[in-house]
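What follows is a pair of complexes built around chain A, which joins chain B in one and chain C in the other.
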Partner chain A sequence: MMSRRDPSPLMRTTTGFLFVGFICLAFADIAVTTGDPWKEFSLLLEGLVTPDFYKTDSLALSLAYTMAFALLGVALANVIGFGLALIFHSRIVRVGCAFVRAIHELFWALIFLQLFGLSPLTGVLAITIPYAGIIAKVYAEILEEADRRPLAAVPVGTGRASTFLFVRLPDAWAHFRTYSMYRLECGLRSSAVLGFIGLPTLGFHLETAFKEGLYSEVSALLILFYLVIATMRVWMKKPLLPFYLIGAVAILPWSIAFSWAHITRFFTEDIIPHPIRAGGENMMTALGDWVSMLLYEQIWPGTIATVQLTMIALVVTGFLTLVFFPLISPLMLGRAARTGGHVFLVVVRSTPEYILAFVLLNLWGPSMLPAIVALSLHNAAIIGHLVGRFTETIQLRLDAVKGMNRYFYEVVPRIYRPMLALLFYRWEIIMRETAILGILGIATLGFYVDSAFADLRFDRALFLILITALLNICVDAISRTVRAKLRLQTSLEER
Partner chain B sequence: MTLKAIIVAVAVAAMTALSAGQASAAEKFVFTAIPDQDESALRKRFDKVAKYLSTTLKRDVAYVPVKSYAAAVTAFRNNQVQLAWFGGLSGVRARKLVKGSTAIAQGKADPFFETYFIANVSTGLTLSKDFPKAIAGKTFTFGSKGSTSGRLMPEFHIRKAFGKVPQQVFSRVGFSGNHSRTVALVQSGAYEVGATNFKVWKKGLANGTIDPKKVRVIWKTPGYPDYNWSIRGDVDKAFGAGFAKKVQSALLSMNDPDLLKSFPRASFIPAQNSDYAPIEATAREVGLID
Partner chain C sequence: MALLELREESAGYNGETILHELNLTIVPGERIALVGESGAGKSTLLHLLYNRLGARAALMPQDSALVQALTVFHNVYMGRLHERSVWRNLRNLVLPSRADVDEVRDVLAPLRLQDKIFSNVGQLSGGQYQRTALARALYHPGRVIVADEPVSSVDEHQAREILTTMNGEKETVLLAMHDRALAIEFADRIVGIRDGRIVLDEASNGMRPGDLDDLYRTTDP
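Right after this comes the complex of A and B.
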């Protein structure tokens, strides 16, 4: 018989989230609406094994642009983020960073498209700005958690600058380097995805090829993309970095004109709510109507769908992680099988969830199902990888049980806390991505943002983006509270 | 040491960028077109047109592809393109944003353009003279959010027939992105009903991409003005007096069937801004323009 003692806070939280997830799922639209999804899927598979590298116009150039945007964006973000990390104790800096990173790079790009058009500045800044916010936070945490023992050995009277440069920085530097490599990988993904809204990167051709069912072309584009990411550690060498950066600047088409007038116009006209621009006697009433129309018709349904999708994806990610991590865990599988597991997880996590969702939407039609699967697969592959690596540090007794008993009674209980920590850490990331999937036609907040941009109503677009950012900041705060309460910690390597 | 190298690199890079920006500001006449169908073929379609305009106007003309209707309008507004092949609605939006810009040409078919409502045969719906009210409760896809024939006009007729917004009429409403995709989605059954541009429909029937055993037309809207070539008002200042006129006559005298096929239009005829007043009024009524 089960004992009737109170469940632990960990279990209570788990049950709570499962409950919310299932309630959300009960109300979700998860129908497969395509007539013959398997036929399209077999066409896709056929295309994937018959890549055609000669179909795409200027393929090499779009690959070069993809890398150039990522390199410049991430390099600039590193410089700015580092600077901000040094003054991260200032409240304004902290809030500012939280705000800029709460807005997805695709939204930033949609905004910059209005300011700079298709100029490379749009792509570079769309990556730089949110990434600087993320990097500042992570670098500040790294500095904070760095080994403090060397500080004790510093002679009295040493200047602050020297202390920082020779005592605190060296320890943190290795972490910075590892983290910037990870950011560069993210940057490559972001850069590719920016093509979906018109920048000349791989995503530009990928979107068209997918839409028209040219799967051999899709295959070629994806293979190139994976190759660039998989070989990153080979080509990304420190002494080569300056050459890459100069190369990146040299190939981007900076000639596209941009004018200050456009920028001024954006801030002084475009984003001012229409009723205020129109003016007149009834301005305040009109403004009230405008806000309440947005609130009832777009923000409310959009927020519901965003939260709903986020919660379902979070729970499904948890389940999938439990399936994925054994694939690379030495506690569960032999060496040969683990190699297969590693390849599988690398491919799934290197595919941007936006692209994954796009593929599944084409196969299954526009319900929440493709979004749930895409978000969960991508995030579970990331968390599964980290949890799998974590199990390498676990020592089991020599006579420990095997098979399912080992999984349920020895391994899962040991990885459960770190897994939850990672899940809650990615909660906000999942939500940011959920909003953006609206661009693909799922009715989250991103759908309304995209509609506003399509109607050239930048006032509405910006208002909606602000709401999206606030929602993200809220989730981030809740996640931090939950993690603090349950004493869940992620280590630096896992961010 | 490395930090210094990076700083130097960034500085050099920035200088190169600035000088490159100034050097190549030379006047090139650039145009774009809304990505309304077969997006993979856009470059093939319009590079030919760029070549034709280059020879006729005796100056460098380039085509830039864009991903969305809104991007075409923005490029026109920011003077990154000076000429554009717009739809009715995108043209109205663009000309409202650029003072002095004008519609200078339209396809021969454009003053009487039509939207076809199409349905998968599984619905059992067939061609009718009156608006097919039986589409209520089905799944429905528009084309691009900013399309005239794929969004504005069908939405207008749906609202008129039912007195409700499409989201309340249908069980699911989607935006396919472009006209050829609308046809493909309805043909595959992903959506039961859709609205598409009649030119794209006829082209698909002619070249065999549409299977009449799977999808058919169930209603044709009354005619309305649609596509147009619009040009910025400041081109005469930038490219020499009478330049807009020259562009117009180049477009009107385009008679190579291979070029015209890419639109697809039989020929181009003159157009003026007032031709599109009905579109603006409809867009206002549907709430797509403030």
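Right after this comes the complex of A and C.
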């Protein structure tokens, strides 16, 4: 008698996501539109292997600014995030944090750009605000997971503050430090990307150099950036932190002024939907038209493209992860080959997806392809690194098979669950990035946000950003449901 | 004058009654050991007593419950957190004051832990770990110690050292023990618990471990 196949929930979920991914891909525009992409690519490669470090002053300064924004932004976010983590049980705080972190740094930067112009405040706040929301959530989870047993031994009559200081804080502190380092790495990437909207960080020089075809300079900028990130554990020492922060405040060009009248107008006039500002008898009708116009012409197509690109990128990321993790896994490769694998993954994951997408877009022309490749490469390098590290804990029996048989029978079945957990965890992050890639000209929601800012229609821009935030919050909720259903867990170090 | 008196007391948690109509009077200076099968209600009774005693008692919880990320000094200092201001506690967390270090060192010396004062508790051996938990309870100013299986994870030599110190330093000692011989040796009153009821309450004088067998015998035929 034939037994009927009964796929596990894990397999059914995988099949479902693959199906959705392929449907999205079928409708996606992935054409290469540039005349001779390989010629430009070979020029780029030639530049990458011949870095030009001689424009030292602009290189050093842009790197210093990149670090200054990251340090100040992350430090401030740490202080605020820690404070918020203490009151994270309050619903308002939780919802507020979910909201601010659903909006990408670049969108925050576009908003602050209207308020403070190119003042350093724009860059610092653009990092601080979303990061504070993320840090508050993670720190609250760390405190939640701290060992509670010592609470029993605290003498009766001890105040809440003392109990917190001695019992809950010490165990959490080590996790806070590890997480802050990870956040600083993210902060450096965010800070670099802020250059693309005009702040004087790495991205600004990268964009200029790229547009002028100075690929050797691009290469020098990127190499220095990788060095800064790769050596972070060497230069980021606790006793040096105050000096770094003072230095960061000192070098940023604070002299750029902004006007309060301008800021007031932004909040009281500019961001109020145009029909409400105009007022009059037909205000409600006009407002309805305004909303439905945005809905049909921008929100709907923008959302479709964002979701489509996210789903394709998610599935491709999964495939690439399966290719990337063996590069650093002791189960699959020898020590020498793994070193090469580590360097490759560090470089790919240290390159912000925005920069990757920017480069590929210039090579291949505007379509979804550059975005898909950039998002998948970057995220697969991150997840591949974590999965590869996870395989270090797996003990295979001595007579285990080798080669491809080992990969398919011994390794992949063991890493599949943790890999899916990480993929679903990054789903929301991929979506946030997808939206932002619109600024580069791919028709996701970010494209419409950027156009609205360019046309000085701040009411539309803010409304579209709100929609983007809601979309991210929805995906986050779906991802949490899926992870809970499949009982997929990520450890604190992986968030 | 009794230190504590339970009259027809019942207790439990999550709506489930674990202890039924207990009567127990404790006078200062007594050394009482609660014995019985695991699950009989020893821990529940011990926590009931600890809750009644409040700040008069120091607790040594079952798993010692030290804060892993802190040093021996900090863990022992916690015994007097409630007596000090938040500022003094914060100061000692960041930079221990000389006076407080000296006080804690005096507690650690007889327990042979003075060299370990600034070690992280994660680096201690099992015996040192348990003695640190005892030091915390001894530093607590209460004259009563409530200890839940304080010697379950150390060898007999260390167990005797811990129990002797406890008896010498605190006026009243309330223990939960599964080692019957040690209970009889170090307590002067044995309270036997079975299915959440006190079924035995006698002086330990002249008692032998075999006399407690009834507490552990199953009721099934």
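What we mean here is this: the second predicted complex is superposed on the first by the 488 of 495 C-alpha atoms of A that agree within 3 Å, B and C clash if a C-alpha of one lies under 4 Å from a C-alpha of the other, contacts with A are read in each partner's own complex, and residues count from 1 in each chain.
To be clear about the criterion, a contact is a pair of C-beta atoms (placed from the backbone, for glycine too) under 8 Å apart; a residue touches a chain by one contact, two chains touch by 3 or more.
Just so we're clear, the structure is a prediction, and the values are computed from it rather than from any experiment.
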Per-residue contact with chain A, leading partner among chain C and chain B: B
Which superposed partner A:Asp52 touches (first chain B, second chain C, both, neither): neither
Touching partner for A:Glu40 - first (chain B), second (chain C), both, neither: first
Touched partner set for A:Glu410, first chain B, second chain C, both or neither: neither
First (chain B), second (chain C), both or neither touched by A:Asp171: second
A:Glu141 touches, of chain B and chain C: first, second, both or neither? neither
Which of chain B and chain C A:Arg149 touches, first, second, both or neither: second
Which of chain B and chain C A:Ala250 touches, first, second, both or neither: first
Touched partner set for A:Phe204, first chain B, second chain C, both or neither: first
Interfacial residue positions of chain A with respect to chain C in the complex: 147, 149-159, 161-163, 165-167, 170-171, 173-174
Chain A-touching residues of chain B, taken from the complex the two chains share: 2, 5-6, 8-10, 12-14, 16-18, 20-21, 23-25, 38-40, 43, 64, 66-71, 73-75, 78-80, 93, 97, 120, 122, 139, 144-146, 172, 174-175, 177-178, 180-181, 184, 188-191, 288-290
Chain A residues within the chain B interface of the complex: 33-36, 40, 57, 72, 75-76, 79, 113-114, 117-118, 196-198, 204, 207-209, 211-214, 217, 238, 241-243, 245-246, 248-250, 252, 254-259, 262, 274, 278, 365-366, 441, 450-451, 453-457
Chain C residues touching chain A - in the complex, by the definition given at the top: 54-55, 57-61, 63, 65-70, 74, 77-84, 86, 89-90, 93, 133, 136-137, 140, 142
